[in-house]
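Note that subunit A is present in both complexes that follow, paired respectively with subunit B and with subunit C.
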Partner chain A sequence: MNRTLFRLSVQAVAGRRRGLVLLVVPVALLVLALVVKGLADGDTGLDATVGLGFSLALPLVALLASTAVLGPEVDDGSIVYLLSKPVSRHVIAVSKYAAAWLTTMLLGALPLGVVALVLDASEPGRAAALGVGGAVAGTVYSALFLGLAALTRHAVVIGLLYTLFWEGVLGSVLSGIRYLSVGAWGREVAHALSPLVGTADVGTVFAVVAALVVTLGSVWFTGDRLRSFTLRGDE
Partner chain B sequence: MTDPSTPTPEGRSVIHDLGYRPYTGTRMPPATIARALVVTGFRNAFGLGRSGRSKILPFVLLALNLLPAVIVGGVAAFASLDELPIGYAEYASTTQVLLGIFVASQAPVLFSRDLRHGTIALYLARPLRSGAYALARWASLLAATLVFLVLPIVILYAVALLIELDVSDQTREAAKALGLAVLLALSLAGIAGLIASWSTRRGFAVVATIALLVIANGVVTVIQGISSESSGSTRVGEVAGLFSPYSLYRGLIGAWAGADTPTPPSSTGMELAYVAVFVGLSAACLVALVARYRREATS
Partner chain C sequence: MSVLTLDQTSRWYGNVVAVNGISMTVRPGITGLLGPNGAGKTTLIAMMSGFLAPSAGTVTLDGTMVWRTTSVYRSIGLVPEREVSFGYLTGRQFVLANAELHGLPDPGAATERVLEVVEMTEPAARRIGTYSKGMRQRVKLASALVHDPSVLLLDEPFNGVDPRQRLHLMALLRRMGAEGRTVLFSSHILEEVEQVARQIEVVVSGRHAASGEFGEIRRLMTDRPVQYVVVADDDRALASRLIAEPSVVAVSLRPEGGIAVSVADFGSFALRLPRVARENGIRVLELAPTDDSLESVFSYLVGG
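Let's look at the complex of A and B:
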């Protein structure tokens, strides 16, 4: 972990228009929560809103944050100046991951808990569980997408295909995909903390172990990719 | 043959006139340039005429989009069903994720690259007006989107005819789906093109487009789901449907193509409002796009 790199990465995430779009996602979720609160009471509204936050808002925030810390530098080639510094490539990867992770926690996981509180303030335990579940899923998502960004220029599209197509469309048809779905691991952890959250039925131990393995593996992989980095021209 | 030693007449030179032997052949009108630009852009959207690596993504997306149609067609043929398991217009609604990713990822190919690398100056120095350039790029994206939307309909229609379903019924349904596909393609191409021309960072433009399309659709879906359950407030769901291209499409197929969707527009006035918002959204995006390139040309 390198302070300067961390600071620069945070600037890359929060800078200008990207920061605005990142803010729009949780704000949209909160506005939706307020509208739903006005429309209906009971758990249907909460389930639908939190479901949207878990399956769309959280991965999108993680994807934006993770690709922001690495993507533009690779795109315009300025990453070579960073890589030429006498800093371990793994330290670079971890610093960049820290910036992406912090953003995902603040703008992806935290709003989940807040939304749950807005919709039903009588169950703070459930809100906390949702926040923690979101934090687990967000941790894995941001690591996974950072690894993708180090692997390929098309990280954004592949990340979108993973979250929207694999987890979303295919996941709703082929139920076995839940074992390979980051969102399901997060929901399982939330369910373990508060039984009010619907279970994803993958087993808490499996969810935690899978989350740990994918996170550590992806961050290590990012460092490893940066260690043997070749810059390609624009297509 | 004109004498090569005579200088280019006033107003005929295009960019450089260094006094060399001028080009004396016929000069094509701007319409020809625009047509060439549209065709190149259309090919580029599928990676044709670009590197092999950039062909992978659009064709993988296209294949994923067509796969269900082929499977559905095969099932209908082998199980000898008397109707297609999925409606023509419903199909695009089922695969909307792939459609969104395709449009969002290929719009930067057409709109961002010239702006980011500064090659836009070379286009704008030619007789083609900046507005025509913007329109040509938009038309390429629209055509590519339409191919993406129409191919599954064609496959399903061909299967329906081959297993000898009622021709007039199927033709009417397919024609309806085509009309709706044009509406959807118009709005998607407009939105994606506008975002890609604003944000010239490729990855960012893709996520911003998807975030706008998918989050808006998700929010609308949640509201519609809730309002269709509580009987008193279906009106809220109908109005909410106006706020995202996908929900507009879903509302219209619910009203016209008989698809089972929550809170479709229930009155003719509401249907008209859906169509008006659809067309108005596309037109607004197009005007903004032309304005964006006009500013680029004058700055």
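Let's look at the complex of A and C:
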């Protein structure tokens, strides 16, 4: 990893308006949790809120963070300033990933645990498990979306469609999708740590291995795309 | 001392050929890459700087393939036409980041040195977002020079830069060339290239139209038939007299009035036209060049 690139990437996330939008997501989730706590009793409210956090808030934060560290620079071609350096493209990809990952952990995974605690402070074990599960899913999401940002200019739109349809609608209708759902892998890991979290029924080993493979593959792919980055003129 | 070599380099996008079989050697000193907009200059510079794979042929720097070789950036400094979009960084932070990415032993000192070279020490504490076009250009140049590269590639560096800063940039490039660096810059303005470069490479429609010392290129561009429109009180009479002049190649009457005259030797035509008119009692009402656009000069060069 390259510290300069990591620093620049963090500034790219925090220094733009997107940084504020990123903050809105966990804050909204927390507000929702407080409202639910006031209105509903028992685990129903917790399941619904955490479910929303897993399937919407977490991927949304990862999407915004990952596209912020790479998207604008690739779009306007100014990434050429970073690429015209004797630095391995894979190092660039890993550094950008580190910034996106850190943001996702702080604003995506951590709030999941906090929300669980807010809704039920008597089960800190479950809250921690949800935080770890969120970290696993967030780790994969940020890598996946980084690869998407390296692949296409429309990463935000495609990422949103993926989140809403694949992870959201289709995931809840077609049970087979759970094997290919990042959110399900995260929930499975959380279930392994605390039985109070419902299982996603994919097996812990499968969830961990799948998460690892997709994460490593996506980051490697990002580096490979950067190796072939093409500078186009206006002509 | 570095030499950049293009050998039968082509680049096409689908059916569109952007660069067509260009061979050239860019040596130490300043080379101007001249051509109209859309000629393929940016595509050429992208290939020279390793940001575009040639569809055919090779681009090498001192024998090393440039495409997908990250180590060449130790020797190459690139100033793309693209704006610096790191508006949230100050000029100093941006140049410093470039110095660090090059792994320089003392990035801070290198940053200050290069900011001084481009005369940006004072505004360096401000965010790039607040800079004028000329200042951005200089910060871009600073970021490309911070590692003291032996090759400097600049894409349209004078575009949108005010005249005073343009002179400053030109002086800077001349100095880089005099120091023995291989400097190549692109431009679509002949006068601009002439003021800075000795060696000129002309590119038109993706083809290598001409190559040589600026005096030769200038002659090639000026010694060509030039089209004029002459409007007189008796067009037909003037046309019949003008065709007898050795400096005139062709004359035709324009349907909308006036005469289209093709002139081979402008110097003698300028002397003869008023005399011919006076001797024959014809009044010349208007004289205007019709094809002084750079595109027509270029198309003449490629035999179009």
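Going forward, the second predicted complex is superposed on the first by the 229 of 235 C-alpha atoms of A that agree within 3 Å, B and C clash if a C-alpha of one lies under 4 Å from a C-alpha of the other, contacts with A are read in each partner's own complex, and residues count from 1 in each chain.
The rule we apply is simple: contacts are C-beta pairs under 8 Å (C-beta built on N, C-alpha and C of every residue); 3 or more make two chains touch, one makes a residue touch a chain.
Computed from a predicted structure; not experimentally measured.
Of the two partner chains placed by the overlay, neither subunit B nor subunit C lies in contact with A:L34.
Look at A:T44: by the touch rule set out above, it reaches subunit B but stays clear of subunit C. By the touch criterion defined above, A:L23 reaches neither subunit B nor subunit C. Of the two partner chains, subunit B is the only one touched by A:F165; subunit C is not. Once chain A of one complex is fitted onto chain A of the other, the partner contacts of A:V213 are absent, as it touches neither subunit B nor subunit C.
When the two complexes are overlaid on their common chain A, residue A:V205 makes contact with neither subunit B nor subunit C. With both structures placed on the common chain, the touch criterion links A:L56 to subunit B but leaves subunit C unconnected.
Of the two partner chains, subunit C is the only one that A:G15 touches; subunit B does not reach it.
Judged by the touch definition given at the top, the superposed model places A:S78 against subunit C, while subunit B stays out of reach. Taken together, the two structures place residues 72, 234-235 of subunit A in contact with subunit B in one case and with subunit C in the other. Those residues of subunit A whose C-beta lies close enough to touch subunit C in the complex are 2-5, 7-8, 11-12, 15-16, 72-73, 76-78, 80-89, 227-235. Those residues of subunit A whose C-beta lies close enough to touch subunit B in the complex are 17-18, 21, 24-25, 28, 31-32, 35-36, 39-40, 44-45, 48-49, 52, 56-57, 60, 63-64, 67-68, 71-72, 75, 154-157, 160-161, 164-165, 168-169, 234-235. Of all residues in subunit C, those touching subunit A in their complex are 37-43, 46, 49-53, 68, 70-74, 76-78, 80-86, 88-89, 97-98, 100-103, 143-144, 155. Residue ranges of subunit B in contact with subunit A, taken from their complex: 50-51, 53-54, 57, 64, 95, 97-98, 100-101, 104-105, 113, 117, 199, 201-204, 206-208, 210-211, 214-216, 218-219, 221-223, 225-227, 229-230, 233, 236.
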